[in-house]
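The two complexes that follow have chain A in common; it is paired with chain B in the first and with chain C in the second.
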Partner chain A sequence: MLFNSISFLIFLPVVFILYWGLFKRSLKLQNIFLLIASYLFYGWWDYRFLALIAASTLVDFFVGRFLQKTGNEIHRKMLLSLSLVFNLGLLGFFKYYNFFIESWMDSWANLGVELQVSSLNIILPVGISFYTFQTLSYTIDVYRRKIEPTSDIINFSVFVAFFPQLVAGPIERAKHLLPQFSKKRIFIEERAISGIHLILWGLFKKIVIADSCAIYVNAIFNDYENMNSASLILGAVYFAFQIYGDFSGYSDIAIGTGRLFGFDLMRNFNLPYFSRNIAEFWRRWHISLSTWFRDYLYIPLGGSRGSKWQQVRNVFIIFLVSGFWHGANWTFVIWGGLHALFFLPLLLGDQNRKHLNQVAENKILPSFRELLQMLFTFGLTSFAWIFFRADSLFDAVNFIKRIFTDLRFELQYLSIERYNVEMLLIIGIFVLLEWFHRHMEHPFTGSFKWVKIIAIILMLLTLGVYSDQQEFIYFQF
Partner chain B sequence: MGKFLLYVFKIIIFSFSVALFIQYLADSGLKKTNDNIYGDWNKILGGQLNSDLVILGSSRGYVSYDPRIIQKTTGLSSFNLSINAGAYNLQGLKFESYLVKNRHPTVIIQNIDLTHFSKSNHIPEEFQFLPYLDNNKLARELSVINSDYRWNHYIPLFKYNPYKSFLVKGLLSFFGKKYSIIPTIKGFAPKNPLFKKDEHNLKKLRELRSDSSNIQLFRKKLVITKYFLPRYKTDSVKIFLVWAPEYKERLDIIASIVTPVKEDIVQMVSDMPGVYFLDFSDDPINLKKEYFYDTFHLNEKGAALFSTKLSIEIDRILKN
Partner chain C sequence: MKNFIKHFLIILFIIFFMMVFLDIGYAFAIKNGGSHSKFQNILQVKKTYDLAFFGSSRTKNHIDCKLITQLTGKSCINFGIGGASNGDMLILMKLAKNRKLIFNQVFMQVDYNYNYYEITEDFKSKLVGPLISDPIVKEQLYKYGEDYIYGLIPFYYYMKYDKIIGLREIFTSFLKSKPFSELNIEFGFTPLIGIGKAVAGSFQETINNNSEELTQMQEVYKDTNTRLEFFTAPYCKEVKNRDFMDKVQLKLPGLHNYIDLFDDKDEYFFNCGHLNKAGAAVFTKTLVEDLLQ
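Up next, the complex of A and B:
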C-alpha cells in the first residue's frame, strides 16, 4: 500500500479509530491489532512475501531468546551467524543473485569464456533491505549485550513489521523502538497534531516536489542524447530534489503516522542540502542507515581509530557497501565510491567533524562563504546522483560527458511539452520554505500557521501529480 | 482526542472552504469570457439559443460549418454544436445538454465521416467543461466516459490540477483581465494555418485499408447512427447527414472503405423519411489544397465555400 494512495487514505483513519477506540484498554490487543494492520498494509502489495517477514521475525526472535540463555561464546557466535546468514542470505538471494550471476558471466565473457548459467526471474520484495537491517540490529545488539531480548513474540513481530516504517524506514533500532511496544500508550493530542503536520508536509514533498520533478527527470534522462548542457544540469538538480522529496517525504509520513499511534520514530533527514561539506551531508541524509552502518560496520572495522590508511580503507568500505545496499547495479557502487572520494579530503584534513551545528545559526541568511559551501556540496551530491539515476554506467558517463561537451545553455523544450526551467519556481519556493523553517521539522508553526497549512493543501490539490502515481523510489531498495 | 479531531476537522473545513472559494472565482472568471468556447457553453446550458437549425459533429463539424452563412441562406437561426475531437457519444452529450433548456431544433445537420462511427473513451479538450461541473447531468455523463471525473465533483479545485493555466486565467479574468480562449462564432471555430499534410493519419488510413475486415467493421458501426438518429427525430424534424469535403489524397486512400459504407448510408436513409444524405466527396472543393489546412479539415475559406453550397442544397430540399 502506498502512502499516496486512496487505499491508504481509507486504511489510516480506520486503523486509527479502531486502535484508539476499540483496543485502547488493552496494550496486548493494540499490539496484535497493529501487527494485523501491518501485515495487511504489506500484503496489499504482495501477500506471498509476508512469509519472508514472518520467517525473519521468527528466526531473530528465537536467536535472541537463545542468546540470552547461553553463556557459551562459541554458541553465541553461532547463533549470531545464523541470524546474519539467514537475513543477509534472504537479501542476497532476492536482491543480488542475478547481479552476481550476470557479473560472473560478464567477467568470464571478457576473458573469452562463455558460461551458461541462467539467471532467475526474481521479484524483489518491497522493503526487504529495511526490515532485514532492522531485525539484524536487534540480534547484534542482543549479542553485544547492549539490550535484553524480548520474550514477547507479538511485540517483536510488530517491531519488525510496524507499517509506518516497514517498507522504507527509518530503520529503527530495537533499543529505541522495541520498548515502546511494552509501554502503555497515551493519546497526546499535541503529538498527534504534530503527526498530522508531518504527514501533510511529507505528502507535499512527495506529491508536489518529487513527483513533479520526476516528470522532468524522466524526460531528460531518457533522452539525454538530445539534451543541451543546461537541461542535463537541470536534470541532475531535479533528480536531487526528486529523491530528497520522495525519500524524506516518505520518512515524514512514516514518523507522522507513528505519532498518531503514540510512537516516536527517529528523524531520518535533517535538511541535507543545507550541508556545508559532504561529512555534514551524511550526518543529515538517511540518518537511520548512516548510523546503522556506523554502528555495525564502521566502528567494528576500527572506525576513525588506527592509521590514516585504515581510516581511508574503512571510509571506502562503508561508502561502497552503502552504495551496494541501494541496489544491485554498478551505478550504485560508483555512487558510493564517489561519496568516499568526496569525503577523503575532509578525513585527511581532519575536517570531517566540522559543522556539527545548523548552518547560519541565529541568522536569517547564510554568509557568502556558507552559501558557497552549501552550493559546492549540493553540486557534488547532484553530480553523484547522476550515477544513482542513470540506467547504466555507460549512460551515466555519457550524460556527464555531454554536460561538458555540448555547452549550450539556452531554454530547451522537452518532450513533456514544458521548458526545462519550468520546475525551478516550485523548487525555489520549497527551498525557501525549508530554509526559513530549518530549525523545525515542518513549516506549520508561527503566526501564519493556518495560511501555510491551507496553502500547502491548495498546492497538493492543484500542483500534485496524481495522473501518473509514482511509487516511492526507496521501495526498490 | 476531541481537540485532535476538531483540529483535523478544522484543517478539512478551512481548506475545503478556501478551495471552494478559489474554484468559484476561477469558474466565474472563465464563464465571464465571451465569444469563445465558454460563451457557447453558457448559452447552451443557460437555454439562450433556441436555434431552428443545429450542427452536430466532431472537429470537422467544428471548423467546416459556418452557421452565419447557413442562417443567411436558409433563414433559420443556426448554431454549431460540434465538439472538437468528440465522437458520436460526446456529440450526443452536447446536444442533450442543449435540449435541456433550449427548444428542439427543426433541422439537424449531422456531420459524418469514418471517425464519427467510433465511441470516445476519453474526454477531449476537458478544459471546456471546467466551470460547468456543478451541472449534475453534465458531470454524471462525463464520469461515465472518464471515471476520474467523480473526484472532480467532490474535491474542490482538483479539476484544475491538469489545467493550471486555466485556473490562473479564470482568476485573472474574474478580476477583469480579458482572455481569448478558443474564439468561436456561434459555436463555429474557423482555422487558417498553412496546409500541412497529416502524414501520420494518412499512414494509419493506408494500414486500415490494407485490412478488408475494416470495411465490415465500419458497416457494422453504422448501425449506431441508425439507432442514434430516431432519438432526435420527430415528424417535424429534418436531419441531414453530411459527408463534408476531404482532400483528394485522403479520399483516394479511403475510397475502398468509404464506398460500401456510403452505399449503406444511402440504403439506411431511404427507409427514414425526413432524413437526407448529402455527400460532398465528389465536390470540386476536394481537389484544391487552398481550401484545407490538412487533408481532413477545411480552412476558413473552404468552410465558407462549403457552407454556402450546403446551405443552398438544404434550402432547396426544405422548400420542396
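Up next, the complex of A and C:
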C-alpha cells in the first residue's frame, strides 16, 4: 500500500479510529490490532511475502530468547550466526542471487569460458532490506547484552512489522522502539497534530517535489544521448531532489503516522543538502542506515581507531557495503565508492568531525564561505547520484562524458513537452522553505502557520503529480 | 482529542474548499482560454461546416481538409483523435450537435474500432470543467460504468489527468498562447512523414453483434439535414484477419470500404495502419472523387 494512494487514505483513518476508539482500553489489544493492520498493509502489495516477515520475526524472537537462557559463549555465537545466516541469507537470495550468478558468468565470459547457469525470476520483496536490518539489530544488541530480549511475541512481531516504517524505514533500533510497545499509550494532541503536519509536509515532498522531478529525470536520463550539457547537469540536480523528496518525504509520513498512534520514530533526514562537507552529509542523510552501519559494521571493524590505513580501509568497506545494500548493481557500488573517495580527504585531514552544528546558526543567511561549501558538497553528491540513477555503468560514464564534451548550455525542449529549466522554480521554492525552517522538522509553525498550510495544500493540488504516480524509490531496496 | 479533530477537520475543509475553487477557476480558464485541442474547438467554434470527419488516427492522419476545400470549395473540419473509440466519437458528435455546430455531411471512420467502444483514458482527460457536468457526457460515462462518480468530486479530473490539463497547461491556455503540439486547429489534419510497414498488426477474428454507438450516431443525425456516412481507410495487405472488414460491411451495407486501396502501393504507408503524407493526399483525393463530387 502506497502512502500516497486512495487505499491508504481510507486505511489510515479506519485504523486510527479503531485503535483509539475500540482498543484504547487494552494495550495488548492495541498491539494485536497494530500487528493485523501492519500485515494487512504489507499484504496489500503481495500477501505471499508475509511469510518471510513472519519467519524472520520468529527466528529472531527465539534466538533472542535462547541467547538470554544460555551463558555459553560458543552457543551464543552459534545463535547469533543462525540469525545472521537466516536474515542475510534471505536478503542474499532475494536481492543478490541473480547479480552474483550473472557477474560470475560475465567474469568467466571475459576469460572466454561460456557458462550455462540459469538465473531465477525472483521478485524482490518490498522492504526486505529494512526489516531484516531491524531484526538483526535486535539480535546483535541482545547478543552484546545491550538490551534484554522481549518475552512478548506480539510486541516483537509488531516491532518488526510496524506499518509506518515497515517498507522503507526509518530502520528502528529495538532499544528505541520495542519498549514503546510495552508502555500504555496516551493520546497527546500536540504530538498528533505535529504528526498530521509531518504527513502533509511529506506528501508535499513526495507528490510535488519528487514526482515532478521524476518526469524530468526520466526524460533526461532515458534520452541522455540527445541532451545538451545544461540538460544533463539539470538531470543530475533534479534526481538529487527527486530522491531526497521521495525518501525524506516517505520518512516524514512514516514519523507523522507513528505519532498518530503514540509512537516516536527516529529522524531519518536532517536537511542533508545544507551540509558543508561529505561527512556532515552522511550525518544528515538516511540517518537510521548510516548509524546502523556505524554501530554494527564500522565500529566492530575498528572504526576510527588504529592506523590511518585501517581507518581508510574501514571507510571504504562501510561505503561500499552501503552502496551494495541499495541494490544489486555495480552502479550502486561505484556510488558508494565515490562517497568513500569524497570522504577520504576529510578523514586524512582530521576534518570529518567538523560542522556538527546546523549551518548559519542564529543567522538568516549563510556566509559566502558556507554557501560555497554547501554548493560544493551538493555538487559532489549530485555527481555521485548519476551512478545511482543510471541503468548501467556504461550509461553513467557516457552521461558524465557527454556533460564535459557537449558543452552547450542552453534551453532545451524535452520529449515531455517542457523546457529543461522549468522545474528549477519549484525546487527554488522548496529550498527556500527548507532553509528558513531549518531548525524545525516542518514549516507549519509560527504565526503564519495557517498561511503556510494553505499554500502547501494549494501547491499539492495544483503542482502535484497524480497521473503518473511513482512508487517510492526506496521500496526497491 | 477535541483539538486534534478540530485541526484535522479544518485542514479537510481547506482542501475541499480549494478543490471547489480550483475547479471553477480551471473551468473558467478552459472556457475562456485559447484553443489547444479539438475538444476546445467543439466548445468554442460555433459555425456551419459542409463536411466533418470523425474517427481515430486514421482520420486525423489521413483526411486533409485543406485539400478537400481546395478541390471542392466545401468547408471541412477533421475531428479525428489518435486512439479514439466509437464511444469517444459519439460523445463528440453529441456535444457538437448540442452546441449547434451544423454539418451538412458527416463521415465516420469505421474499421477494427467496430468492436471498440469504451471511453478512452486520453478522451476522459478532456472531460473536465464545463464538460464533465454536461448531461450528455454524464449519461455516456454513466452508461459505460466509468469512474464517473469521481467526476462529482470537484477538481478530481484535473488531478487525475494533470499531465494533460495541469496548472501549466491551463495557464498557457488561459494566456491564449500557441499550443506546443503540432495540432492544426483550423483543419485538424496531422500528416505522418516517412515510409514503412513495420508491425502489421491484426484485426480481431470475431465481430460484435452490433455497435450500439454507431446506431446512436445514426440516431443523432436522423431528424436533421445532416447525412452520415461510414468509411474505412486503407490498411496494408499484411494486416491479419482483414476479412473482418467483410463482416463490418455486412453490418453497415453503405460503408465506403477503402481497406485495399493501396495494396500495391507500399510507398504510401507510414506503417501498416497509417498512410504517410503522400498516401493521405491520394486517399483524400480519392474520397473527393468518389463521394464529394
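We adopt the following convention: the second predicted complex is superposed on the first by the 477 of 477 C-alpha atoms of A that agree within 3 Å, B and C clash if a C-alpha of one lies under 4 Å from a C-alpha of the other, contacts with A are read in each partner's own complex, and residues count from 1 in each chain.
Here is the rule we use: a residue touches a chain if its C-beta (ideal position, glycine included) is under 8 Å from a C-beta of that chain, and two chains touch if they have at least 3 such contacts.
What you are looking at is a predicted structure, and each value in this text was computed from that prediction instead of being measured.
Participant: Based on the shared chain A superposition, would you classify chain B and chain C as clashing or fitting together?
Facilitator: clash
Participant: Can A:E417 be said to touch chain B (first), chain C (second), both, or neither?
Facilitator: After superposing on A, A:E417 lies in contact with chain C but is clear of chain B.
Participant: Between chain B (first) and chain C (second), which does A:G64 come into contact with in this model arrangement: first, second, both, or neither?
Facilitator: In the superposition, A:G64 contacts neither chain B nor chain C.
Participant: In the superposed arrangement, which partner chain does A:G323 touch: chain B (first), chain C (second), both, or neither?
Facilitator: neither
Participant: Looking at chain A, which of its residues have contacts with both chain B and chain C?
Facilitator: On chain A, the overlap between the chain B and chain C contacts is residues 20, 187, 189, 192-193, 196, 200, 453-454, 457-458, 461-464, 466-467.
Participant: Where on chain A does chain C make contact in their complex?
Facilitator: Spelled out, the residues of chain A in touch with chain C are 20, 187, 189, 192-193, 196, 200, 417-418, 422, 453-454, 457-458, 461-468.
Participant: Going by the contact rule at the top, pick out the chain B residues touching chain A in the complex.
Facilitator: 1, 3-4, 7-8, 11, 14-15, 18-19, 22, 155-158, 160-162, 164, 167
Participant: Give the list of chain A residues in touch with chain B in this complex.
Facilitator: 20, 187, 189, 192-193, 196, 200, 450, 453-454, 457-458, 461-464, 466-467
Participant: How about chain C: which of its residues touch chain A in the complex?
Facilitator: 1, 3-4, 7-8, 11, 14-15, 18-19, 22, 155, 159-164, 166-168, 180-181
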